[in-house]
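Chain naming follows the written order as A, B, C and D, and within any one chain the residues start at number 1.
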Amino acid sequence: MEQTYHVGVVGSGTCTEDLYALAREIGYQIGKHGWTLICGGLGGIMEGASRGCFEAGGITVGLLPGSHKEHANPYIRIAIPTGLGEGRNLLVVRASDILVAISGGHGTLSEIALALKTGKTVVGIKSFENIEGVVRASTPEEVLQILKDNRTA
Amino acid sequence: MEQTYHVGVVGSGTCTEDLYALAREIGYQIGKHGWTLICGGLGGIMEGASRGCFEAGGITVGLLPGSHKEHANPYIRIAIPTGLGEGRNLLVVRASDILVAISGGHGTLSEIALALKTGKTVVGIKSFENIEGVVRASTPEEVLQILKDNRTA
Amino acid sequence: MEQTYHVGVVGSGTCTEDLYALAREIGYQIGKHGWTLICGGLGGIMEGASRGCFEAGGITVGLLPGSHKEHANPYIRIAIPTGLGEGRNLLVVRASDILVAISGGHGTLSEIALALKTGKTVVGIKSFENIEGVVRASTPEEVLQILKDNRTA
Amino acid sequence: MEQTYHVGVVGSGTCTEDLYALAREIGYQIGKHGWTLICGGLGGIMEGASRGCFEAGGITVGLLPGSHKEHANPYIRIAIPTGLGEGRNLLVVRASDILVAISGGHGTLSEIALALKTGKTVVGIKSFENIEGVVRASTPEEVLQILKDNRTA
């Protein structure tokens, strides 16, 4: 069998309604294309993306910082409680073929940096535009196009 | 939504045909019941269990020691390359609600020990019968019954 | 410079006075020989070994499961809070050139298994004599001799 | 006993002579004050800082990405081979009470982000001045003053 394309979505655990809607739209496109969503499994951006992907019938993987899978948001199908705390950020990066960063704080920045360090493409939308190496996107459509281009690369 | 029951299967990366068939039968039952298979994603017992679960239409998760998901066996649907080496053994344990150990060497023993340390049930078949705390089973049917009993507990 | 010999001592976080004294004696010999003690940094066997090594003027390293170095026992000079929970067990193994297991439960067993899996010598005293591959010792003198022999190997 | 102050120094594994000299000077001050140097144990900035600290008689701890302590730079007294790859970056952060970032690339950025995420002070010299939360310093003297102030805080 062929493995699915793993798209990681990273961002803060709490966010505005607008950012949640943006994450949900991107997650929806991920699920609709039959790709797998990789994320940290909690709230905010992670929940928005999981919800969208779930609503499109896609598989959602949540790599949780704690040891209890009950802490995953309700749209995670495969919850992996790592018990590694912020150490799970690296696992989100390693499990992803490409990373989409939506806004975010220092945790998101650590994921962007680890992805760039390990040679992975990072698409940023409303997120850390000052970091060299991040591919900027302004709309979900642009994000989607970059995901597709990277897939076929 | 309700999360699925995560059954971890651990054992050596190379094994006899008989043990492979045993792992495949147990994996098949896991998939048939709609549970998720968690394993280390490589060959031997891991592949046998993945193959059975995959053939039954179940979801198979492989937590790989290396950084490349291409190293997963062909029956893994969700490959998570951890890059943690033997550190992934702990993740297999944490991601599982219950563990089935089939034969195995020192790596398997480390997983059994970590599972018992973290309070999880370990079912052993042809595996480390001398370790206190391991629940012994002699047939796939016995393993299945223990998995069911633990599920409803 | 030449790096020091790293001797890991593993065992339970709570123990009898006799086992504590045994760990302290072994720790003392480690420090007296100018070797570095690697351990999990907490109580029981870990504290006994740390105390002995500290009393002999040796360096004691504690790889803690939590995120706060204040949780180290008072004889740890270099506390490394890993925040990895049981994941620190693997680090104790990787940081050690050789492992001494004193009695112990499932956590200790996981360390023994990981050490054997990664090709390291494990000396067991009053500890898991039924595990194939563990080198048995009955007295601190025997442990010391094995440590010396392995050092020059 | 009282534990020592753990100062982490992060930066690239290769660097210019000027940056090496800067790292060495900062490392020297760390050792001279009886503090412990925490770093990634390899070359470049890590080696410069280790060398300075070592020359001042201080303790140097290297948390290595690989599994072999022989890969540590020659000024590391306590080499901890983690085998976690970039996962060791988080350990450098957790093991440090405060972090000094000297220049650096994406790996360093991940350490800065993880430190800020976990609430630790990060002093930056010639390093990522555009990241919110980093305390800027221009000279080794300024770095030293911040290290002292944070120590007594």
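The definition used in the following text is that a contact is a pair of C-beta atoms (placed from the backbone, for glycine too) under 8 Å apart; a residue touches a chain by one contact, two chains touch by 3 or more.
Note that this is a predicted model, so its numbers are computed, not measured.
Peer 1: Minimal path length between chain B and chain C through chains that touch?
Peer 2: Each step joins two touching chains, and the minimum needed here is 1.
Peer 1: Select the chain at the greatest separation from chain B, using centres from the mean of Cα atoms.
Peer 2: Farthest by centroid: D.
Peer 1: Nearest whole angstrom, what separates the Cα centre of chain A from the Cα centre of chain C?
Peer 2: Result: the chain centres lie 40 Å from each other.
Peer 1: Round to the nearest whole Å and give the separation of the Cα centres of chain A and chain D.
Peer 2: About 30 Å, centre to centre.
Peer 1: Could you please state the distance in Å, as a whole number, between where the Cα atoms of chain A are centred and where those of chain B are centred?
Peer 2: 27
Peer 1: So which stretches of chain D touch two or more other chains?
Peer 2: 67, 83, 86-87, 90, 118
Peer 1: Residues of chain C touching chain D in their complex?
Peer 2: Counting only chain C, the residues touching chain D are 1, 3-4, 6, 36, 54, 59, 61, 63, 67, 69, 72, 74-83, 90-91, 94-95, 118.
Peer 1: Please name which positions on chain C make contact with chain A in the complex.
Peer 2: 67, 83-87
Peer 1: Which of the residues in chain C end up touching chain B in this complex?
Peer 2: These residues of chain C touch chain B: 86-87, 89-90, 105-107, 109-110, 113-114, 116-118, 130-131, 133.
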